[in-house]
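Next, two complexes with chain A in common: one pairs it with chain B, the other with chain C.
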Partner chain A sequence: MRNKLNAEFKIGAVFTGIILALMLISLIYTPYDPYEMSMNIADKLNKPSAAHWLGTDNFGRDILSRLMAGIKHTMLVAVSTVSISLTTGVLLGLIAGYFGKALDEVIMRVMDAVSSFPGILLALVMVTVMHQGRYTIIIPLSILFIPSFTRIARGGLLQYKSADFVNNAKVFGASRLRIIFVHILPNVYPSLLSSLVLGLSNAIMAESGMSYLGLGLQPPIPSWGRILSEAQAQLFIAPWYAVVSGLFIIFTVVGLNFLGEGIRKLLP
Partner chain B sequence: MKYFAKKLTITVATVLIVTLLIFLAFNIVPGDPVRMILGTEASQERVDMLREQLGLNASMPSQYINWVGGMLTGNFGTSIKYQKPVLELIGQRVGVTFTLAVMTLILTFAVAIPLGIYSARKRGKFGDKAISTVAMVAISIPGFYLGIFFIWFFGLKLKLFMPGGYVSYRTDISAFLKFLIFPSIVMAIPNIAVVLKYLRTSIIEELKREYVKTAYIKGNTAKGVLYKHVLKNAFVPIISLIGMITANALGGSIIVEQVFGIPGIGGLLIGSITSRDFPMVQGMVVFISLIIIIVNTLADVAVQLVDPRIKIT
Partner chain C sequence: MKSDAILETRNLVNFYDDSGLGLFGRSKKKQVLSDVSITIAHGEAFGIVGESGCGKSTLSKAVLGLIDYSGEIRVKGQVVSAKRTKSVRKQVQAVFQDPSGALNSKKRIGWTLLEPLRVHKLGTKDEQNDRVNQILELIGLDPSYKSRFPNELSGGQKQRICIGASLILDPELLVADEPVSALDVSAGAQILNLLDELHRKLNLSLLFISHNLNVVYYLCDRIAVMYKGQIVEQGSSDDIYRNARHPYTQALLAAVPDIDGTGGFADGNAAALREPSEHGCAYYALCPNASETCGERNPDLADVGGDGDEHLVRCYGS
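So, the complex of A and B:
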């Protein structure tokens, strides 16, 4: 990271920082209870005001509080998804690159098959065949993002397999595992980092899409996608409800995309 | 010719891998699929009947072979919910989705190509930077949000179309196409961002080639070089994107159809998932995958025909 911080990185870091800060705040404080419904008609679908900054929904719940409470669930899904696909993907990539030949061919063909699929279709298949739990969505999404990490790890391994420093390590008697994990893998970290951040943004998009369809995070979790599908029903009376809910998703995804792009450009 | 034989082999292999993965996904279900479909309360008789109907009593490999063999003869299974062949149900709905996908493809290239050329010509200048920033934001907007925004802005505010007022092509073809314009714009926007980025890079790479210098030396203007020599070559890698965009369009239409209330195969798929209609979902997924694999293959073959030097396997 010897280059000067670029604009993309700065914008991304600020956006992501704001969302993370809001998430941390939501853990101890939200303006109102995000789950408490009101029977009073006067509390329903209020416009944004001093009392309710982003207005209230059709059950009289404070929209800002719900969106804030949603961040941690979205992030939990995104982070678990990316962690699972990162570890699995890197391992598969290293195996494919190291053993080569038939095993490489099989692994990479399966990866091609997985990634040539529209992501949503794969996620839908998995959701169909699995018992629906609150966080079931994590598993299909993890599988979705494995191929990108596999390719990076495999590419890195092949690139450095016969590099001088690897040959040196061999001369000094380093074991194969040590060469892979201690000597080669750290060189791949930078490109993994950038795809990790982009993976987070893709995971958030995918999760909100699935939740919008009612097949992602299950109620009562206030997931952004579900909030938006509830908002769509009120579009005629309360357009701001849908607008602000969606802006939260876009803000987060734009932030992460800029951050990922910024990191990629920072790389030597 | 050797190339096409190899390509065909790979395509068949991909189809087999994909069908095998789908088959495994539906058959290594934790728990009994029949119980999942019927619920835990169902009587043993009904369970046995459905088990027989789905052919679950055979061994796994013979189940797979029966299933693939059936598809070769056009038998994609029978929907439990509708009690009709899967292929027939898809047939009733596929026209809408197909139209939507074609409109998305046309729109994507119609907008992305001029923007990509412009970006490459003005590379590093304001226009280029503005386009790339807008493109970055465009790929960050979830399709369903963009759809909701379009319904509100173009439908409710500007009254350019009737939200939820889908008209079948059997009733009125022009009203049908008019209704599909906005959903296809929604689906095209992220694809435009991707294609223009590829095209921009491709043109810039191509401009660095030796033949460009030769063209300049021969007295061509910058425009002449770009339009007569560079573009022809820069377009080649773009052809192979058609496969990816088709996949995006089919995947995207699953959600966008829900947003706009379009009765295409997306709605059918979601409905089948919520009602746990396993054979229907399985058949539809194979159907959609087959289309994507075929389009991908055709795109690769097209690249090969245009530029035989390239070896895409």
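So, the complex of A and C:
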């Protein structure tokens, strides 16, 4: 890191760090069992108190515990979505950029087609036709995110394709694949890294949105979006329920956005 | 002569496709090289001079196999195409104009120097390291440079690294495309001295391309002057420098400013003396002593050297 760390990077790192720390803690400890329901009516929709910091939900479960336990599922979906779409997208983008001509046209027009659908609609359709598993949501979200990575990889490749160091590599006889992956790809990393982080935040938003509509992670997994939709029903009885679950999502997304922006400014 | 030629080009022609973006636009083809034939002997430094856009870089790219061309290129007597085998590629290496662009900014110098050896799978790890150290010594840099990134070096040092990287495969011919024009005068002079030294020490053949006639004269045994994709004059450095026969070469020489201020400035954008002619001599429009024939038919290269010395000129007036 030759440049001075900027404010965005610091804020983003702190926010993201807090969320990740909470996730790690939740793996070994949550204040209460996030799945344990209570039959006792007195435990339902409690206000935040010393015993339940963020109150309880309509099944008497501790909201803080459920939100904490939700982080790992959200992160799992976000990370696997981004890894799948990053790998596929970068591969397609590099191929399109390097080989050009017809292949480039075909790949990029397919990407245009994918990104021309409203994201949520496409994901809705795919989730509906696919077999409903716990993590089915990952596949449509991955497909949705492929075009952005393809464009970045292709743009980066075109920027360096005719650079002299690439010509040099051609002159001493490096193979095409070696030129793409060993010589050019490291130069595209910085822009990929920041869009990777931004992709994580988008994936979290999309997953929450889908779960809110009941098409994301399936119950009883404590997904933030689902918690939010359950909270919506109790909005007038227990407003803190919706507010805290919403704040968790906002906190994470804002943190990742700052981090992504910070990385973009940090790397030349 | 022919047997020990390291590089020969015969009637090299290259078109630049100027069809533009229009889907229905007619494909216009602009000729960049026309019938370029040069021969470089073993251990010879061959210079090419000409103004911007005369096709000298295109010629170097064709020689390096980076672009398509028609005509024939022979490396050590063997005909090669733009798609080349590694063993052919190994023999012809390049140094480019801008050393910052020619080094991968994300890779350390040591990596850059090792890369050709890795690609050609030459030697063991230790032998490869020895070779890198040997090359660093040859270009006058100490081994600590291996762990540095290109942006930590000066322009001259970067160009040294580029030269080192091009020599690591022990090529027969080095194509240097304007290697000093992106550098300041003193760094450029050092690079020229280094190239001259390597040329003598390693018996390396050079194809040296520049717009600066002085630089080429300093370094090269023979010079070809290019104008609009054609060779207009070719001969030994002394012949070209002291006994230029083509009006364009004379104008180029007159454009070199002298220290005492006697040198003139030939204006490259001088008003044309007459309409350019499609079939005639390329220099017809600007030539001070063109005749009617010059506008009708392009002259062939003719040897005016006498006494065994080759001195080719493409001019009726010579």
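The definition used in the following text is that the second predicted complex is superposed on the first by the 267 of 268 C-alpha atoms of A that agree within 3 Å, B and C clash if a C-alpha of one lies under 4 Å from a C-alpha of the other, contacts with A are read in each partner's own complex, and residues count from 1 in each chain.
In this section, contacts are C-beta pairs under 8 Å (C-beta built on N, C-alpha and C of every residue); 3 or more make two chains touch, one makes a residue touch a chain.
What you see is a predicted model; the values in this text were computed from it and never measured.
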{"item": "Partner chain in contact with A:219 - chain B first, chain C second, else both or neither", "value": "neither"}
{"item": "Greater residue coverage of chain A in the superposed arrangement, chain B or chain C", "value": "B"}
{"item": "First, second, both or neither for A:17, with chain B first and chain C second", "value": "neither"}
{"item": "Contacts of A:186 with chain B and chain C, given as first, second, both or neither", "value": "second"}
{"item": "Touched partner set for A:174, first chain B, second chain C, both or neither", "value": "second"}
{"item": "Partner chain in contact with A:127 - chain B first, chain C second, else both or neither", "value": "first"}
{"item": "Partner chain(s) touched by A:236 [first = chain B, second = chain C, both, neither]", "value": "first"}
{"item": "Contacts of A:228 with chain B and chain C, given as first, second, both or neither", "value": "first"}
{"item": "Residues of chain A contacting chain B in one complex and chain C in the other", "value": "none"}
{"item": "Chain A-touching residues of chain B, taken from the complex the two chains share", "value": "13-14, 17-18, 21-22, 25-26, 29-31, 33, 36, 136-137, 139-145, 148-149, 151-152, 156, 163, 243, 247-248, 250-252, 254-255, 258-259, 269-270, 273-274, 276, 278, 281, 285, 288-289, 292-293, 296"}
{"item": "Of chain C, residues touching chain A in the complex", "value": "64-66, 84, 86, 89-90, 92-94, 96-98, 101-107, 115-116, 119-120, 162, 165-166, 169"}
{"item": "Parts of chain A lying in touch with chain B, wherever the complex brings them together", "value": "109-110, 112-114, 116-121, 124-131, 201, 205, 208-209, 212-215, 225, 228-229, 231-232, 235-236, 239, 242-243, 246, 249-250, 253-254, 257-258, 261"}
{"item": "In the complex with chain C, residue positions of chain A that touch it", "value": "163-165, 167-175, 178, 183, 186-187, 189"}
